[in-house]
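Before I ask anything, let me first share the structure, which is written out below as structure tokens.
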Amino acid sequence: MVMPLSLLEKSTDKKVSLLLKDNRVLEGVLIGYDDYLNMVLDNTEETTEDQVKRLGTVILRGNNVVSITPLQ
Amino acid sequence: MVMPLSLLEKSTDKKVSLLLKDNRVLEGVLIGYDDYLNMVLDNTEETTEDQVKRLGTVILRGNNVVSITPLQ
Amino acid sequence: MVMPLSLLEKSTDKKVSLLLKDNRVLEGVLIGYDDYLNMVLDNTEETTEDQVKRLGTVILRGNNVVSITPLQ
Amino acid sequence: MVMPLSLLEKSTDKKVSLLLKDNRVLEGVLIGYDDYLNMVLDNTEETTEDQVKRLGTVILRGNNVVSITPLQ
Amino acid sequence: MVMPLSLLEKSTDKKVSLLLKDNRVLEGVLIGYDDYLNMVLDNTEETTEDQVKRLGTVILRGNNVVSITPLQ
Amino acid sequence: MVMPLSLLEKSTDKKVSLLLKDNRVLEGVLIGYDDYLNMVLDNTEETTEDQVKRLGTVILRGNNVVSITPLQ
Amino acid sequence: MVMPLSLLEKSTDKKVSLLLKDNRVLEGVLIGYDDYLNMVLDNTEETTEDQVKRLGTVILRGNNVVSITPLQ
């Protein structure tokens, strides 16, 4: 059994992809999170159809997150 | 009587299908969950009309989930 | 006086119809529920205009449910 | 002063009209409710522009209810 | 300093106007409320562009209310 | 460090502008608030493109408020 | 590990960019926040396609915030 928060813990300092409720997709290194699934991403990039936007460090509110995919 | 969380427990390490609020359908092996119905799927696939997208391991926030169907 | 949860208890192992927020209608045998009105249906069928889709056993998150109609 | 829940108590076993968030209007006899304003209606009828649909007994989740009008 | 709930208390048995999330406007005499801003209006009238609908006594769920304007 | 609630306290009896979720903008004198960011405005005016509507005293539910701008 | 709230603490008195649920983007100096991610920005500017609107000091309700990007 892999609890959601323990998978987040194992994904810390690794690259993840986040799908947000507004359909944006962010990729970055997960450097922190809390019990509400608020997260901190580093080296964040938002990939849209035709470009990559570099966002640097971003704090995400958990209730806007649909899913989290560890990439490593 | 089958409590929702105990059916999740029985479905652990088995294949489930999830319907999300944004109408996406994900299939994968349920490898974990918590009391908020946050879930971890492994070997996740998203099936859309004309293709299957392999997503690997995915953490889903419970409040985006509409329904869970055990497939085995 | 018939409390909502006690009517659910009396409806256990009986056929119910659920209306979901996304306007889907599911029918099935209610085999479990919890205090959040999360529910487990068995032999679930989703009836749309022109077809019946058999979904088997389904866990529904309570906050997507609008109303529950006992059918027996 | 008439507290909302005490008016519900006085309306028990009487006919009420419910307006739901999806704009549906249901009329029926209020036979139960709880602190979350989940309600049980009996002899429920949904009136739309051109017809009356008999729904029998219905459990309504409180957070889909906009307003409750005692009719007796 | 006028706390929101103490202004409601002072408005009891007086006429108020409520704006709901679905943009409906109700006027009536506030005869009760609770800590969740659930409210009971008496002699309620809903004014739309071209008509006034008399609704009598109405229980409103607080989380559908945007704003409350005391009219007296 | 200026906590949100302490800025509200300092803004009491002063003019503020509120942006609501439905995009309405209200200006008025903040005469009260509570921990849920429910607020009471006095001498409230709603400015739309071509007119100013005087609303007098208004109680606003906090969960409809997007942002608060002290104007003095 | 960088907890979301500790990154906010480190960003205090520094410039941040906020993305709100209604897609507005605000930039300003973060001068305060609380556990609900309510925030106070100073020297706030809202940048839209063709103009910059100076908003001064603004209190933002946390549940309207999608993401926070420290700019310094």
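Lettered A, B, C, D, E, F and G in written order, each chain numbered from 1.
The rule is simple: contacts are C-beta pairs under 8 Å (C-beta built on N, C-alpha and C of every residue); 3 or more make two chains touch, one makes a residue touch a chain.
What you see is a predicted model; the values in this text were computed from it and never measured.
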item	value
Intersection of the contact lists for subunit B and subunit G	A
Length of the line joining the C-alpha centres of subunit D and subunit F, rounded to whole Å	34
Averaged-CA centre spacing for the pair subunit G and subunit C, given as whole angstrom	42
Centroid distance [mean C-alpha coordinates] between subunit F and subunit E, Å	19
Multi-chain contact sites of subunit F, meaning residues that touch two or more partners	63
Running round the ring (origin subunit F, first step to subunit G), the chains in order	F, G, A, B, C, D, E
Touching residues (chain side subunit E, partner subunit F) in the complex	1-8, 21, 23, 37, 62-63, 65-70
Subunit A residues touching subunit G - in the complex, by the definition given at the top	12, 20, 22, 31-34, 38-40, 55-61, 63-64
